[in-house]
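Two complexes, one shared chain (chain A), two partners (chain B, chain C).
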Partner chain A sequence: MRRREFWVLVTPSVIVMFGFMLVPLYRTVRWSFQKVEYGAPGTSVGLSNYSGALTDPRLGRAVLFTLLLTLVVTAFCLVFGYILASLVNQLGRMRPVVLGLVLIPYVLPHVVGAVAFSWLFDTNFGGIVNFVVNGVTGGMLGEPLWFTSVWPNRLMIAANAVWFMLPFAMLMILAGLQGVSTETLEAAEIDGASPLQRHLHVIIPSIRGVLGFVLLIFTMDVLRIFDSLIALSPQAVSLGNESLMLYIYNVAFREGAVNLGLGSAISVLTILLILVLLYPSIRTLVREAKAA
Partner chain B sequence: MRHSRLPRLHRPAQLMAVGLLATSLALTACGAGSRTGAATATKVACDFTNPASATTVNVLAYNSSAVDPYSNTMVSSCTHDNVTVKHDPIDFAGQVQKTTATLGGDTGTYDVIETYSFVVPDLASRGKLVALDDLFAKHQATYKLDAIDKSLRDAMSYKGKLYGLPMQTQVLTMVYRKDLFAKNNLTPPTTFAELRDDAKKLQDAGDMKYPIALPWSASSDISTAYKATLNSLGKNFVAEDGKTPNYSTPESTKAFEEMKSLLPYMDPQVTTFDQPKVQQQLYNGSAAIGIMFSGRMNDLVQQKNTKLFDQFAFAAPPAVEKGGKQYGALSVDGWSIPFNTKVDQDLLFQVIAASVSEDASKASIPAAFPARTGLDQSASPYAAAAEKAIAGAPPAEAEPWVPPLTSATTDIIGSVILGKTSVAEGTQQMQAAGEKVMATQK
Partner chain C sequence: MTVDLTAAEGVHPRRTLAAADEATTVHPPRPGRRRRRTVAVISALVLVATCVLMVAPFLWAAFSSVKPTDVAFSNPPVFRFGPTFQPYVDLWQTTNFYLYLANTVIVAVISTVVALAVGLPCAYALSRYAGPASLILLVLALIFRALPRFAVVLPMYEISKSIGIYDTRVALAAALIAINQPFTIWLLRNFFTEIPRELDEAAMVDGCTRFGVLRRIMIPLMGPGILTAGIFIFLFAFQEYLTAAVLTDINAKTVPVFIATQIGQNLPLLQQASAATVLLTLPVVGIAFIAQKYLVAGLASGAVKG
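Presenting the complex of A and B:
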């Protein structure tokens, strides 16, 4: 490729990256050291936004809640995404139909899906979950306060995250399964490996890269969960079910004074946290890319 | 090395898969909304001087059955010649966010914004709105603006200057199930004690587990409820000296006690209920008494919304204590011109004046309670109750500190109602937060 062609092809991406990533990142970092109000130039406040953020117990609660949610949802989606992908992989002509159905939650806007999902638990809108579970268990569930009790609310939030993210995990893993060598599988079968052994010792090691990619994407996505909480957890702050992104939104835009400086400081801390959490995954992916 | 391959798709399966995804995407598109159709809106005269070049007027107004008639009339009547009026659908929370953003800098996105009496003093005191007095005087005769209720114009004024042209007013109004009240020989409550008695009788009769439905969402509406209770007991947020918050007064403590006394008669998740959820409770028949802003009342008598549409009656809300003011709140909605618009202000004023003209206001009944006087409201099932509620509502605290005080105390109020914070501790926390806010007021 000639140098000129290279720059013609690369320049648009560089402009987009600069405009939509680096400039906002620079503004966020700058604002994190300032007191900022809409339309007025910021005034420097040193590290006070950071000290304010780090001494606010809400930040600790939001970090814990978000990490717990990320752990549970990611683990669940990886395991069940793999199982679902393996089952779908066995399907013949029904595979596209099943894929189409399973992908519906993924293409719905999160907030729309979350509102509809909340109605399943809201007796004002039918509350079909209570109805069905009580019907099956003879009323063992009772009437849980899905929106005002801490753990029922957390369960509902996690279930919603799994509902809309599981299809992505399944789709990625299914793509990985397409690349597994049938010869190796046949060899393992001839050697007497059980189906479980074939999954554990042949298939999963073969798609390790795909699983790492899914882990990376899920860690980033669940850590940034925001819009579904608007519908699912109207009392997120008082329940301690406030995600990091919801906390930033509440501080920066909702709670009266519109504190963009403090919100920016929390955003910077969140970026650092995400980088720390993603470091092992990124390192593994880079190593595998180099090895390939 | 061989790799497993996807089997070839059969045509019916392919079609079904494409169909499913297309349906999903279509549903997604529905969720994204569309521009408000003004096709069926009332057409009124909007006779501005045609500008020399193409001019777009961007309008920011939340969608509700009470505000839509005015927005739609504005779009349908004033889009002609070189002027195009644009209004995109948005909810109330979105309007609040976009108002802050558009007023933030020297240039804004919107040329007309929907405002309400709660925010006008704050925005006007910061120079964010254009004073309308001269334009009002100039176009008063053409659009018969003197028929707009003077007290409502005052509610949209700050320091004697008009900053919003009132379109309609909303007042806390009570709705109750007349069939259940008749069956149990109940009368509409005039005090909180009577409200509790009525609710208890409905519970005891087995008609209703949670007879009272109030919008007490802990993240927003709870603050309106607390203010209405405090006002009913004769106190504002801030004392008459204009400096000292009233949160640690005996009336504030009493307000919390009275609010908490209603909890046994309300859904245990009431602190997540906004007005649409209260409407839903009434539609479903799972509540018998509700208190909401009047703009929500017309929905209750629509057959398409509920089979109980003919069982609702309306009254002014009760007072907290006998002889006190009503548990009331009056909110006036109107149109304002942002300070940073680049469009001719005379043109903009005529656009908003047309939308609140006599014909437009008539057409908004019964969905809205227009700000104009002298209109026949006999078609409105709740108008008489709303009029009584307006007459008995506590006077509005039209001060710029009300919004920041509300923001600073809402979570604490929610925490007290939820029982996570004691009343004594909550009132002290609110007093401290209030003093901090008042220290920043000029």
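Presenting the complex of A and C:
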């Protein structure tokens, strides 16, 4: 392809993508050095938004909470997603039914899914979770305060994140399993490898790439978790269950936009973190391009 | 090893167990057979339990939306009641639900069509041109795909207010096209890469121009790929809460924003929200089943997620 053709073909997309994203992005970076409100020019305050961000205990709590959530949800979804994918991979004609049902939480808007999820736990909405768990265990669960007590609320948030992210992990791993060589698996079986050994020494090493990719996407997605907390944790601020993105929303939009500069500074810091996380993928891309 | 299909259907997992026991009393089993049977039953149970848990929130919302209002929220929950569709009637008559639904669908359709029209030529060029510009664009698109939304959406809020398009469908659609563009070109580029270059060359030898190749050869060949990308862009636009919550107020509000604002309301409104959830979920469930092949193909191509 000639250079001129290339530029004619990519220009509309470049204008849309960079015109509509770089201009706002530039403004966020500039705001991060200003004391500013919507609709008014800001005054430069140097690095004080950044120093304010790094010394704010509320932000510290939000970062800790988000990291904990990321760790728990990612670990659980990787392990359980692998198990589920292996099970679905052995299914015959039931496979489309199972996949269709499992896809529902993935295609539903997250905020709507979270609202529906919160109703399962809400005692003002029947409290079906308490009812069922207490019915099965003979009242062992009691009546936890799912929305106003720190750890029950965290447990519910993590359960919801697993609920809507597990389908993605499962489908990615399932796609990876299609590529595992059957010859190697048969060879392992003939050599007397037990099913567990086949998983640990044949299947998992050959889908390492897929697992790494899922890990990367999960880390970035849970770091950016926002929608579901709106529904699941109305008292997130006082409970300390604010995620990083919810914190930005609260200080830079909802609470009268008094701290737009601070919110922007945190956005910039998040972008830097994401660049670090993406670095290995970018390096792979560049290496592949050079090899081609 | 195969999973017991009757058990996987979730019909009578217990009967399967009993049948297994019966079988073992008549014919003494080969060693290991009973264990294999147990493994199959356990895996079927895990699958059934997962499926039930995946649809439970939706089922409960649907269940609550057809209860009479006086028992809809009683605790412990009531399971015997005369079903009513009053919340659905109220939802249509007393709220602007139809407007929000129209907004959601129109914005999703516009952003899907424009995103594809703009993204297709770009993705094709990226799959065929090997220069450094191609690599730089791909890397930038990868970074843009991972940006935290607020870094672009809050300035968009200010810009849309200052040029007077705040709270319009156009502003929301434009924002979503831009936000989903990196994903669009990555996914389409991965599909284009699978089409051999020799095809382009052959067509050009026969006198086709580069743009003719794209229009006459690539786009017809890319049918399923374009459909897959379209379904994902539509879904992302339809799901979007954060951008819609910031860029809309009354006129261009979407259904996810509407449902989220109903959470703290009084009980009849809450029941209407559950009716809205059901109305929004049903078509999506349809998509999950009908378009499953394309969703799985898109996920498998490894470019997914906004």
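We adopt the following convention: the second predicted complex is superposed on the first by the 264 of 292 C-alpha atoms of A that agree within 3 Å, B and C clash if a C-alpha of one lies under 4 Å from a C-alpha of the other, contacts with A are read in each partner's own complex, and residues count from 1 in each chain.
Just so it is clear, a contact is a pair of C-beta atoms (placed from the backbone, for glycine too) under 8 Å apart; a residue touches a chain by one contact, two chains touch by 3 or more.
Computed from a predicted model, the values in this text were never measured in an experiment.
By the touch criterion defined above, A:Val237 reaches chain B but does not reach chain C.
Once chain A of one complex is fitted onto chain A of the other, the partner contacts of A:Tyr38 extend to both chain B and chain C. Once the two complexes are overlaid on the shared chain, A:Ala75 sits clear of chain B and of chain C alike.
The partner that reaches more residues of chain A, of the two candidates chain B and chain C, is C. Legend: residue contacts after superposition of the two complexes on their common chain; A:Val112 is shown touching both chain B and chain C. Of the two partner chains, both chain B and chain C are touched by A:Gly92.
Look at A:Leu275: by the touch rule set out above, it reaches chain C but stays clear of chain B.
Shared-chain residue A:Val23: touches chain C; no touch with chain B. Of the two partner chains placed by the overlay, chain B and chain C both lie in contact with A:Leu101. Residue overlap on chain A between the chain B contacts of one complex and the chain C contacts of the other covers 38-39, 92-94, 96, 99-101, 103-104, 107-109, 112, 123-125, 178, 234, 253. Across the interface of their complex, chain A is touched by residues 1-7, 9-10, 13-14, 16-21, 24-25, 27-28, 31-32, 97, 100-101, 103-106, 217-219, 268-269, 271-272, 274, 277, 280-281, 284, 286, 403-404, 406-408, 411, 414-415, 418, 420 of chain B.
Per the touch definition, chain A reaches chain C in the complex via residues 1-3, 5-7, 9-10, 12-14, 16-21, 23-25, 27-28, 31, 38-39, 83-84, 87-88, 90-94, 96, 98-113, 115-120, 123-128, 131, 163, 167-168, 171-172, 174-175, 178, 195, 213, 217, 220-221, 224, 226-227, 230-231, 234, 245, 248-249, 252-253, 260, 263-264, 267-268, 270-271, 274-275, 277-278, 281-282, 285-286, 289, 292.
Of all the residues in chain A, the ones that touch chain B in their complex are 37-40, 92-97, 99-101, 103-104, 107-109, 112, 123-125, 145-148, 177-183, 234-235, 237-238, 253-258. Considering their complex, residues 1-3, 5, 8-9, 43, 46-47, 50-51, 53-58, 60-61, 64, 72-78, 118-119, 121-122, 124-126, 128-131, 133-135, 137-144, 146-159, 161-162, 174-175, 177-179, 181-182, 185, 210, 214, 235, 238-242, 246, 255-257, 259-260, 263-264, 267, 270, 273-274, 277, 280-281, 284-285, 287-289, 292, 295-296, 299-300, 302, 304-305 of chain C touch chain A.
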